[in-house]
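A, B and C are the chain letters, set down in written order, and residue numbers restart from 1 in every chain.
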Amino acid sequence: MRIALGVLGKIARNHGIERGVILSAIGSLQHVVFRNVKRNTALPVRPENTQEIEEAGPFELLSLEGNLFPSEGEGEPIIHLHVMLGSPSGEVRGGHLFKANIFSTTEIVIGKIDGSSVYKAKSDVTGLMELLKR
Amino acid sequence: MRIALGVLGKIARNHGIERGVILSAIGSLQHVVFRNVKRNTALPVRPENTQEIEEAGPFELLSLEGNLFPSEGEGEPIIHLHVMLGSPSGEVRGGHLFKANIFSTTEIVIGKIDGSSVYKAKSDVTGLMELLKR
Amino acid sequence: MRIALGVLGKIARNHGIERGVILSAIGSLQHVVFRNVKRNTALPVRPENTQEIEEAGPFELLSLEGNLFPSEGEGEPIIHLHVMLGSPSGEVRGGHLFKANIFSTTEIVIGKIDGSSVYKAKSDVTGLMELLKR
């Protein structure tokens, strides 16, 4: 049982992926924590505008979309992931992924982005880490 | 605040992408309009067989799948997108995207398809724009 | 009207794709059969820990994620797919896909994976077919 985001960062580093995109990810997850923006939220998005949701599962991992880009300065790369989960009855739930444990397995294909100088930095407009071009 | 489909067409044109596929797209959207096929629909699909849904949001953009291909003749390229949206409580809704405004940001990775002569034309069988091989 | 998984296997074979990943798939499906893991399931996952769901549709095909890898030995390649479906009212349902018929059309882009020796074999730990490195 491993934490999905930590594993992704390690996999990327081990394969020399500075910038990457999730091309595909399916499997099953449990103990998933994600957050979604509340209604009537204005920009910039503040922590109190978001709702954190924790679900035990296990769930089918139906989709994991997102990317990995370096942060401004010397920090860790920023992994931005949105997840969708299938419940036993087939209902689908999801949002901006904070953390998750792998239940049975997760099959992830990451595409390496070459020739890009795009990075992530905090935006005053949205209040979030956004993609910027150097 | 910009219209997602218009932006996509412009990005593709600016990068010389005649045929492309959305490899990844996450972020947040608002004022989303999509439509889904009704039960008991037979082919060809007619406008009255579909249900248009408009939702204010904002929503987490959990997935945007689709592609861009030239249309038969001299028309604009056809952008075909299916969207999935996360509500504040984690419920997921979605369908065939007509239009949407970006709320905070949208991070889109488009793959360029080379060496293809596939294009879109109206099919008498389905009533929809379908992929055809020249 | 064709069975989605059979079509995928044939397409892959015809294009010399031994290992591949679904980069994008949208369209519409009907008579979809999928299964999801039940609550309180422990590893290894047994058939009685999963719930099979059959739905007539038609549905918007909102996402089809997954991959195709050779199985250990001389068997058929293993196609592993997770599906998400949009109902007329915009509700999304989905899970581990067993079979489906195409309703109007399905536009699938498959990426070929080169230079890999990864294959699928039954895992005693999870009870499922898992990716292994030779």
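Basically, contacts are C-beta pairs under 8 Å (C-beta built on N, C-alpha and C of every residue); 3 or more make two chains touch, one makes a residue touch a chain.
These numbers were taken from a predicted model, which means no experiment stands behind them.
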Angle, in degrees to the nearest 5, of the Cα rotation that carries subunit B onto subunit C: 120
At the interface of subunit A with subunit C, does the proportion of residue numbers present on both copies reach over half, so same, or stay under half, so different? different
Distance between the centres, which are taken as Cα means, of subunit C and subunit A, whole angstrom: 22
Shared-contact residues (touching 2 or more other chains) in subunit B: 23, 63, 84, 92
Within the complex, which stretch of subunit C touches subunit A? 21-23, 34, 36-39, 41, 43, 45, 51, 53, 55, 63, 65-67, 80-84, 92-96, 111, 113, 123, 126-128, 130-131
Seen from subunit B, its contact residues with subunit A in the complex are 23-26, 28, 56-63, 84, 86-92, 103-105, 107, 109
